[in-house]
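Paired with chain B in one complex and with chain C in the other, chain A is shared by the two complexes that follow.
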Partner chain A sequence: MPHLKAAISRTLQLALVLWAVVTILFLMFRLMPGNPMAAYIDPTFTLEQQQALMAQFGLDKPLWEQYFIYIGNLLQGELGQSFRYREPVATRIWALLPNTLILTFSSLILAYTFGILAGAYLAWKRGGVVENAAIPLVLTTRAMPEFWLGMVLLAIFSFNLGWFPAGGTRPAGASYDSLWALYTSREFLSYLALPALTLAIYSQGLPLLLMRSNMLDVMKEDFVTMARIKGLSNWTVVVRHAARNALLPVMTSFAIAVGYQLQGNVVVESVFSWPGLGRELVNAVSASDYPLAQGAFLMIAVVVILMNLIADLLYALLDPRISHA
Partner chain B sequence: MKSSFRAAGASAILALLAAMPALAADQIRTIDLLTRPQASQPQEFQSVQLIAQEWRKLGLDVNVRVMPWEQMSDIVWYQRDAWDATAWQMVGRPERSDPDEIIYNLFHSSTAENGYNFIGYVSPEYDQVAEAQRVEIDETARQGLVREAQEILAADQPNMMLVNPRQTFAFDNTVWNPESVVEQSGIGIRNTWTFMALEPLGERKDIILNSGDNVQAINPLYISGGVDSWVFELVYDRLARVGPDGLPQPWAAESYEWRDDRTIEVKLREGMAWHDGEPLTAEDVKFSFEAAVSGEAPMYAPFASNIETIEVVDDHNLVFTLKQPAASFITSSLAKINLIPQHVWEPIIEDLKTKEENAESYQEERPIGSGPFKFERWLTNEEIVLSANADHFNAPKAERWILRIVPNVEAALGMLRSGEINFLAEFTGDPQVLIQAAEQDGDLEVVSTVEMGFRYVAFNNRRAPFDDPAFRKALSSAVDRRLIVGAAFRGFAEPSNSVISPALEFWYDPAVFDGFEMGSDVAARQLEEAGYTLEGGRLHYPEGVSEEHAN
Partner chain C sequence: MTETLLSVRDLRVSYKVGASRIDAVDGASFDVPRGTIVGLVGESGCGKTTIAKALTRVIADNASITGGQMMFEGRDLVSLSERQMNALRWREIAFIPQSAMNSLDPVYTVESQLNEVLRRRGGLGRREARKRCEELFELVGIDKGRLSDYPHQFSGGMRQRVAIALALALNPKLVIADEPVTALDVIVQRQILDQLRELQAALGISVIIVTHDISVVAYICDRTVVMYAGKVAEAGSMQATLTEPSHPYTMGLRNAFPDLQGAASGTLTPIEGAPPNLAFPPPGCRFAPRCPFVLETCRQVNPPLETVGPNHVAACHRAGEAVELRTQAARVDTWSGKVLA
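For the complex of A and B:
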């Protein structure tokens, strides 16, 4: 019974958070300076055209009415039509979301695999020359702006060495039978490499430092001492006993990092001409394309909320001591 | 104590006023000058800084307000009484090679309230000339009228014209024969003619070019972003096309001829076909023009609304009858309306008539035109692929035309050098950097062309002191345009004093720039002659004029 109750209250909370996000998004873009008509200003732009556009976009109605129409459409799963592209917002988001997700997850998996291994290693080798060199290095990579890092990688690996292409997801004019065929092709990996590496270098600091400090804590605990007394090898103690326990918080931070990463994508997608949601978001905001901006932000908010939920559930699953009671 | 002080002060001021009548006029308020940010518009921003500096020398207090385009255009366009001066730009487009759009829409009094005359310039004398050039079919007579219009503007200075920038593009000369590149007057080498003519030198036969902006739509009934027009000008034919010399020439029409000043006979080329194989007929042409005014394509409507009837004589001959004579008809209608297949669009338009949305929101899965390139595929925000239409009467020599979306301008240049693209169709960075890169590379050719488009500072003619032509003229004279060209545009521009670009040789009036005196001493003299005075280093209105817009 307590499980059901917890599930209901969780769902209600979620609905409340989503409603708040939707309302803030709706008001935010409309209160921002700017006007969606700006894109149409032209010597042949007439008053009739302006009025027709306002009506078409639904901007001729009072704000509260626009709000209720928007909420009503959302409840029917309808995100509206983009002002700029004149096509359904959902179509546009679905076309771009896979590219963003693949970039996000590949870079995060790279960052977390490296971060966990290196963090555990640094904890194991505590107090050595390696640690003295590695910690400042990690902090430096954490402080580098992503666009700068991206430009540096572009200049070195693409323009000077010619190892990787400079932008896009595929060679010019190449066609693939399906998205799957594209994503599993060698060319795609070569296009993915630099943007994913940029994001990975930027993101590896968190799991690395987190893993290291968790390991240092865990290594002091009684069960580790117990294991050592039992005469287990150093490797078994560190990997089988300490690392497994230290990993828990790192795994949940992964879920939350997905949300943060979506923001970082905005910059990297522009540097590497990656056709993702982040770039579209910037365009939509600057062009006052309310429906598209709302839709894209909502999509990111949903991913963040979802990942937080998964993080919560994961905690309970991985560590039975934590419950929802 | 206090009140007696105040009384004494007041009487002292009154005495001063009586003694010096010149002081009766108000000091001119702080002038707001709007510009877009340096990050997005470096040349505009730097020009405005230079202008503000020169205006301050005249005793004006100038406040430069930096804001993004969306905010700036919102103020300028929708709050027409609420600003003083703003930087502005007009981009070059092939159809603007006819001067009517600029001469009429920017300055005629009828467009002051809601149209592009957002500066509120009202001059009956100018209106007359602008109207006369619209209906004058005789080219030489019309040339005289267009030049007269430029002279009136030069005298009134409703705007402060700055420069015609140069458009700089580059291509890989190991991939494309440099001889085959076409430089279009006022546009540059990135144009439809180049894309049709580019001749491959070796195995690489795909034109791969870049754009910083996304393609919004490929829709023959919707005027969307500038990049979109690169695509649909290749996929769709028009009866006429603006040629490399800036003048319209027959295209899908084999010929056209004015029967009188309201009737034009059009003879269609034989053997044209749509990309789906169906023949292109005179009925399709008639349908294309009628679709524009069907109510489902509001943006194209102004370009076909002057047509009274279209008579289909036979499969290849049509007669257009106009409501009013229109000198720009060939450029602004025949070279503007995209020819679309009736068998594809008729059912769509009929269906849309029953719905709320119009044809502007309709995106075909696979656009069907009759143009030199066929649509192949479109990957959202990544690339557009077109393939050569070998059956076209002017079939391209390249195999495919591939547009890559590259928002990062440095990356675009790097891609040109590494061969990921072979035609740099947009470069918003410093042209000097491009030229240096070309010198280092050795395989790149850079071509820079004076644009039809122009940069200017718009004065709000509704508000004092900008309602006074003498004041506007002085402010305009205050800035040496060569300074702007050199410092803000690094030499990649031509100084200007006319809305008609020198690239449009036939229409441009060179006298308006040659007779234009510039410099702060010239401006100071003009202001003094017009009755403006300097008091304590600050400029004051002429006697009897008071400040109505004090900050």
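For the complex of A and C:
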């Protein structure tokens, strides 16, 4: 069972990486300047009251003890209390994470579907007018900052044409029975459209250019020439052989893109007032809500690590040379 | 004389490189009789692989067939439409590539790649294709349990056998093998050549073997076509061309290779220099700058292919003196110290 063995060893590596991330996060927030309790503690509090609060949050204990308490809590899914919202960080994050994931994956799937198809097409039709026009265009979209692109799209499609709402995930005052009901509603789609499009336009350049250059390389491979000598149809040669092989590195880049995207989300979620993890992270940091910021960072790290695991497993599934190695 | 399966006449293939045009194949003519193995031999860059590819009409983007004929069973492959040509590919003309590693798609099992030609090109059903796969593996001596393996799980020699099985899948009439054993060690080379010979005889197909290795020709071929700088220098039966070569280039090639049997036939003598740059070919005989027997006419007039024996042609002004030249060519000092252009 080479697949199972590889999956187990990957999962163990993942646990190790996760532990490293957790440790770095723990130290990072304790090395940051300022008192983490600054936002929580009113200046009118007496010293005793301040100390009592510190003790309540366990901040009076030595660092190593705090570390073990932190790890112990994490293992139970306990991320601490948000200073600002006075509610468990986990509750807050679980409420926001789905919004971020929906935005990230819808935009990335859009970007990758378009990028892979367009990249393969451009490689196939190499050296034409289409290519001469398309490559600079793609580079332009790649060079545009997301927040700027987001604002331009907002100005055109929301403020001028009024086709899409300007921000948020739902009409004011609307309430839904469940998240599922919200996500499957038609209004949600119109709220999702602009931020997802912004991220998709920004992200499609990478898969497109990657797919194109991979295709150009693969098209020179002997097995593609052989496929032609075999008299196979153009479609079979280009799709079944060239594109199938060129796709492998693009799949890996998808996982890395999820990581980048979560980082890009911070900006785009702010522009579109999208109630996601990225926007919350910005708010939490500026409000010195360290437990929440720490939790949000951790969550983003978990998603990135998980995506890497998925990419690894997927790669083994797509490329027989990897799974037999 | 047996019936001719393929007759190449005055074939020209040129590459566009920058602004200039290079005639990689410049008026090559030769025949492939039915049921024989023809060796296309010459140095790197002499146009032999270009001819092999041209026969399938799958050539580089910057290459084009600019003239000549390739008569295959009465049809001229040069003038067939792409659709007609595609109908012929693999069903009648199959190809064994040099490196079977790169020519098999790494992401599919060999069975899936055999199935691809059997089903998409041969029109076989699932069950028939499976049966044919097993048959083909048996034919090339690989355990049929390995059909579900991927190319990277095979050794170099095994992969070459897979390539042979692939080529034979649709019972072609002509198999073109482009340096089929060059990437293999000598022991495996011999096994593969033996197998190719056996299968060729059993199935009655014709084979063109492209090689730079004259010992491969001596080992397996019925006929030899010696190429030099885009032209045919000499062609004839393997026996005649290798024991009584009439072109100095063939004589030189023979000195430059040990034979596959391992019999030490004396010292190896290289032909000094390199083939000419085909963007600026020499005006006369293309071999003249490297030829130890060069005359003044050789540098000015290009010698035509002329009959020098039964079924044996050579393009050399001094072909008439071949017997005398052969004795001189056998001496090492004839080839050393030759001033290069």
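The rule is simple: the second predicted complex is superposed on the first by the 279 of 325 C-alpha atoms of A that agree within 3 Å, B and C clash if a C-alpha of one lies under 4 Å from a C-alpha of the other, contacts with A are read in each partner's own complex, and residues count from 1 in each chain.
Here, a contact is a pair of C-beta atoms (placed from the backbone, for glycine too) under 8 Å apart; a residue touches a chain by one contact, two chains touch by 3 or more.
Since the model is a prediction, treat every value here as computed from it, not as a measurement.
Residue contacts after overlaying the shared chain place A:245 against chain C, while chain B stays out of touching range.
Contacts of A:265 after superposition on the shared chain: neither chain B nor chain C is touched. Once chain A of one complex is fitted onto chain A of the other, the partner contacts of A:275 are limited to chain B, with no touch recorded for chain C.
By the touch criterion stated above, A:236 is placed in contact with chain C alone, chain B being left untouched. Ranked by how many residues of chain A each touches, chain B and chain C are led by B. Touch criterion met: A:318 reaches chain C, while chain B stays clear of it. Using the contact criterion defined above for the overlaid structures, shared-chain residue A:203 touches neither chain B nor chain C, since it reaches no partner.
Contacts of A:225 after superposition on the shared chain: chain C is touched, whereas chain B is not. Of the residues of chain A, not a single one touches chain B in one of the two structures and chain C in the other.
On the side of chain B, the complex with chain A involves touching residues 67-71, 73-74, 77-78, 90, 101-102, 105-106, 113-116, 206, 208, 214, 216-217, 219, 222-225, 298-299, 302-303, 356-358, 360-361, 363, 377, 379-383, 385, 400, 402, 404-408, 410-411, 414-415, 417-418, 420-421.
Interface residues of chain A facing chain C in the complex, by the touch rule stated above, are 221-223, 225-233, 236, 240-241, 244-245, 248, 318-321, 324.
Contact residues of chain A toward chain B in the complex are 33-35, 37-39, 41-50, 52, 56, 81, 84-87, 92, 95-96, 151, 154-155, 158-159, 162, 165-170, 172-173, 175, 270-273, 275, 279-280, 283, 286-288.
Of all residues in chain C, only 56, 58, 86-91, 95, 97, 99, 102-107, 109, 116-117, 120-121, 150, 152-153 touch chain A in the complex they form.
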